[in-house]
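You will see chain A twice below: alongside chain B first, and alongside chain C after that.
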Partner chain A sequence: MEAVRNALDFSDFPRLDLIVAGSVGIAFIIFPLFPHSSFAMSTMIQFLMFSLYGMGWNTIGGYGGQVDLGKAQYVGIGAYTTAVMLILWDVPFWVSMPIGMFFSVVWSFIIGYPLFRLKGHYFAIATIATSLVLKDIFEVWDFVGAARGLEISPIKYHPPDFLRLIFKEDVYYFYVILGFFFIGILYMNWFRKSRLGFQLRSIKDNEDVARSLGINVHWAKVKTYAIATAFVSMVGSFHACYIKSIEPEDTMSLDISILIALMAMLGGAGSLWGPIIGAGILIPLKSYLKEWLGAQAGMVGIDLILYALIIMVISAFEPRGVWGIVEKIRRRKRS
Partner chain B sequence: MDILVGSLFAGLLIGMVLALVALGLTIIWGVMDIVNFAHGEFLMIGMYTGLLTAQGLGIDPLFTLPVAGVVGFLLGIICYFGFVKFLLRGPMVAQLLGTFGLMLFLRNLALLIFGSEDRALHHGILVGKSFDIGMGIIVPATKLACAGLSVAAFVAVWLMMHRTKMGKALTATSLNAQGARYMGIPTERMNALAWGIGGATVTIAGALIVNFWSVNPFIGLLFTMIAFAIVALGGFGSVPGAFFAGLVVGMITELPGFWDFFTYTFEADWMVDIPMTSFKYMWVYVAYFAIMVLRPRGLFGWKQ
Partner chain C sequence: MAFLEVHNLTKDFGGLRANSNITFSMKRGELIGLIGPNGAGKTTLFNCISGLHPVTSGQIIFDAEEITKLKAHEVAQRGLARTFQVYVAAGDLTVIENVMVGCFMRTHLRSRAKAHASEILKDLSIDDTADYLVSELPVAAQKRVTMATAIASDPKLLLLDEVAAGLNPNEIDEIMASIEHVHEDMGITVMLIEHVMELVMKISHRIIVLDYGEKIAEGDPETISKDPRVIKAYLGERYVREHGGMEESKE
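Let's turn to the complex of A and B:
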């Protein structure tokens, strides 16, 4: 009960934040009632998915300061577990999702244990390497369809199927992921005030001091890595049901790992709202740039050039993200 | 037996070229402690430079190396003063993502300009020729020449680092940037120089590789990861380490050949079923991970 009360307690934020957050939340809930294009709907679902990925990354990367660029492997594990179990044994989503999370967490312990002996750049690149190894394995593994990937054919089921999460209309998917989104926020709100959250922040500030205060640094990092993994894997399972066709190239590529980290950084790593703001800026930007520019003849790649320029400008001039700017303004007002 | 020696030889030759690819990365890492994700993209630009110069001017691809070197040097300097300089002030995550953005930018610029199809060189005095060095081993002339030129470039850089004043200043900066600044070394200019040399060596390597490898805008990431593996194995910032590690990684990329050899030698049927060729580059990543975990300093590294 204590944990639930902590999770629901947002009282340490300024009132302005809460009003903005509350009205945005209500806007999300009533969004499908208004006329919208199906493209806007899918962008919205993408945004919610990626803000959940970002929240997961934010535990280890934001609060813990360990830059992890291998999150895509857990998207892959979650997505493949759900897809394989649904296609072969007709296991419903709500069963296969926890199993996928379990697999991801086990894998995260296996590689996290040696990984966290490394620091900084070395850690970041080693996570990329593990992710690429897993992707290469999935690309030749016939059981999961090798490079062709897997396809969930919706004809076999009778949508709306709430157990297997097979729907015709995107609205259902929207509400399912929105539910996850709110639970994710509550969990993160609890996490940042939990013992582990405080331990992580002290590790980020100064690892030696944290160790001298009796914090088991290595174990705290491994645990947090597993939490981040569980988040990502959960949304990966959802991704399998939503996209219905998964292949190693678009579930496990390096681009996804980077995008996840980038969103959290753009919004402001290490803050509750950071990843959500980052996803809210980056995902619509990316999909609309693609819609407007990418499809035009002779302009292949121009949307990604603009996107890359934005990444470069942000990381060069405002690495603390949007939330960093907000906090700077607030501090200036106070003094 | 000839498969074994052939694979060994092929691994050594490709390893020498890969060592040159990794050289720039290790210099940049040593001097400024920054990871350059765009390294493979520099290589891609070197490949396109070699290809287009050779085709445009109608000269042999091996004579395009100076052009590629100049292009790479300028590219490195421009990237440093135009972009990387600003990254250094930020936290680590910004540096990682910033150079990733640079990589994405260069890759898609190449996609916009050159299109996505594979391009390869089809002419040149060495293309298509090969030597038979006995025991049934056939060495393609292009690979042999490229390996030789790589070693030459490597030795040139090594001499520059150890025999000239400029190179010593560079080494001093990588050992202790603050101390070097107190000794009157313009560290800012040294950083730019590191990027210039890094860019030049990798584009030269690209102009060599294009002799036997077709080029498309997406080729960079593979070489970036191979270069990371070589740098990790050799030790971050170590020049001789990069050379030996390059040879080792070259061997690893030739693993399918060794695998075939052992399959035939022991007549092990279960070995045939494993598709080694598809795992070719996975072993590079596995080796990289193993080295990072077991010995983060690498074989010759001094930076922890």
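Let's turn to the complex of A and C:
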């Protein structure tokens, strides 16, 4: 009961935050009613997906301070579970999504248990490695289409198919992912106030102090990693139905892992709004850059250069991102 | 039966013997001071007792249970809390949130943790700092926050590592009152490492002295302050002259 109350209680935020968040939320809900291009719609959907990826990352990476650069492997597990089950056995999305989450969580325990013996950069590198290895396995695994990937062909179904999440118009996908988005915010609002949330922040602060306060540091990290994983896998399943064509190269690439972490860090790791702000900045930027410059020769890597710049700026000026700046200003005003 | 028993505890770091064959015991409700020169192995002893360092050999029994092989969080859950000497809270936890982490050891409910944390802050008279970051506070208040956080887990035994270091005489009096409050009113057994002799000599029932990793003396404050080995290793002739002189003039 208290968990539900905590999830719904935003009263510790300043009123300005709530007004802004409320207006933005309403703007999202009514956005499809206004004339918009299909490009804007797909950017919106991407933004919501990456916000959710970022929220998941934020549990272990933001609150827990464990820089995880391997989230793409769970996008892959979620996406492939849903695609394979739909294509081979006609299993609806709402069944395959939790199954994908289950697989992801099991995999997260298998690699998380040994990986969290590592600290700092070693942990970050190890997460990259596991993600790349899994991608390589998928690239040669015939059952999941190897490097060609899988194709969900919409003609076999009768859109709008709410069970299998097969739609012709993007607006349906938009509202589904928007629903996930709001649930994700409520979950994160609960998480940051939960016992586990507090334990992680204590771990980020000082692991020995955390231990002396009765916190099983290793287990707390493994558990939170599983939560982060479940988030990412859920959106991965959605990704399969939305994109309809998945291959290891674009669902499990290092780019995605880095983009997820980068967004949360840019917006503000360890804060509720951080990942959303980060996604709100980076996803439109990425889409428009691709649209304007991507086609021109020699401009293919421009988004990567941009990421590198952002990493440098964050680490040099404000490790806690955009939200860190906002909080700093607020603190200064108060004192 | 003793409340805390340490038998022949030895801790090696590679070739360095930080604690050598230390044996002592503690009764429930006691307040013991642990003194000795820098590098004598005081903090290492705390780290061994609280489970942060695995011991090389020896045995630790706490409240009729052997805790030698337990991990730090398991030791903490059995009611043994501690503070840290150098604790820079760089994170984004406010004072009350810090204390709540301690409270969360005994409850899953945020409301209960928060209520308990506010109570403790009030008890140690730092409730006016509740919403500040720990790093924003002066040293004296930071030391109280570390104490408050440790107490929040409702311990039976509290190990305090230099809570009076870097404080001015006024602040020392205040923290001394807090320690006595924790010890007497809350009924928590206390062991403290301290270099501020006025504090240790005044409030300890018993004092243990370490030098080069070995226990060189143990006894009540008066005996310790007259022990020639302790004077040579730690207190120094000057301390004895000044404090011995004071006692004589009183008489």
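We adopt the following convention: the second predicted complex is superposed on the first by the 312 of 335 C-alpha atoms of A that agree within 3 Å, B and C clash if a C-alpha of one lies under 4 Å from a C-alpha of the other, contacts with A are read in each partner's own complex, and residues count from 1 in each chain.
Simple rule for what comes next: contacts are C-beta pairs under 8 Å (C-beta built on N, C-alpha and C of every residue); 3 or more make two chains touch, one makes a residue touch a chain.
Owing to the predicted nature of the structure, the values given are computational and were not obtained by experimental measurement.
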Which superposed partner A:130 touches (first chain B, second chain C, both, neither): first
Partner chain(s) touched by A:325 [first = chain B, second = chain C, both, neither]: neither
Which superposed partner A:317 touches (first chain B, second chain C, both, neither): first
Which of chain B and chain C A:27 touches, first, second, both or neither: neither
Which superposed partner A:215 touches (first chain B, second chain C, both, neither): second
Winner by number of chain A residues touched, once chain B and chain C are compared: B
Which superposed partner A:193 touches (first chain B, second chain C, both, neither): second
First (chain B), second (chain C), both or neither touched by A:258: first
Chain A positions touched by chain B in one structure and by chain C in the second: 320
Residue ranges of chain A in contact with chain C within the complex: 2, 6, 193-195, 198-199, 201-202, 204-206, 208-217, 270, 320
Chain A contact footprint on chain C (complex, rising order): 50-52, 71-73, 76-77, 81-82, 84, 87, 89-93, 97-98, 100-102, 104-105, 107-111, 113, 149-150, 153
Of chain A, residues touching chain B in the complex: 61, 67, 69, 114-115, 117-118, 120-122, 124-126, 128-130, 132-133, 136-137, 139-140, 254, 258, 261-262, 265, 269, 299-302, 304-305, 307-312, 315-317, 319-320
Partner chain A, residues of chain B touching it in the complex: 33, 35, 83, 86-87, 90-98, 100-105, 107-109, 111-112, 115-116, 217, 221, 225, 228-229, 232, 275, 278-279, 281-282, 285-286, 288-289, 292-293, 296
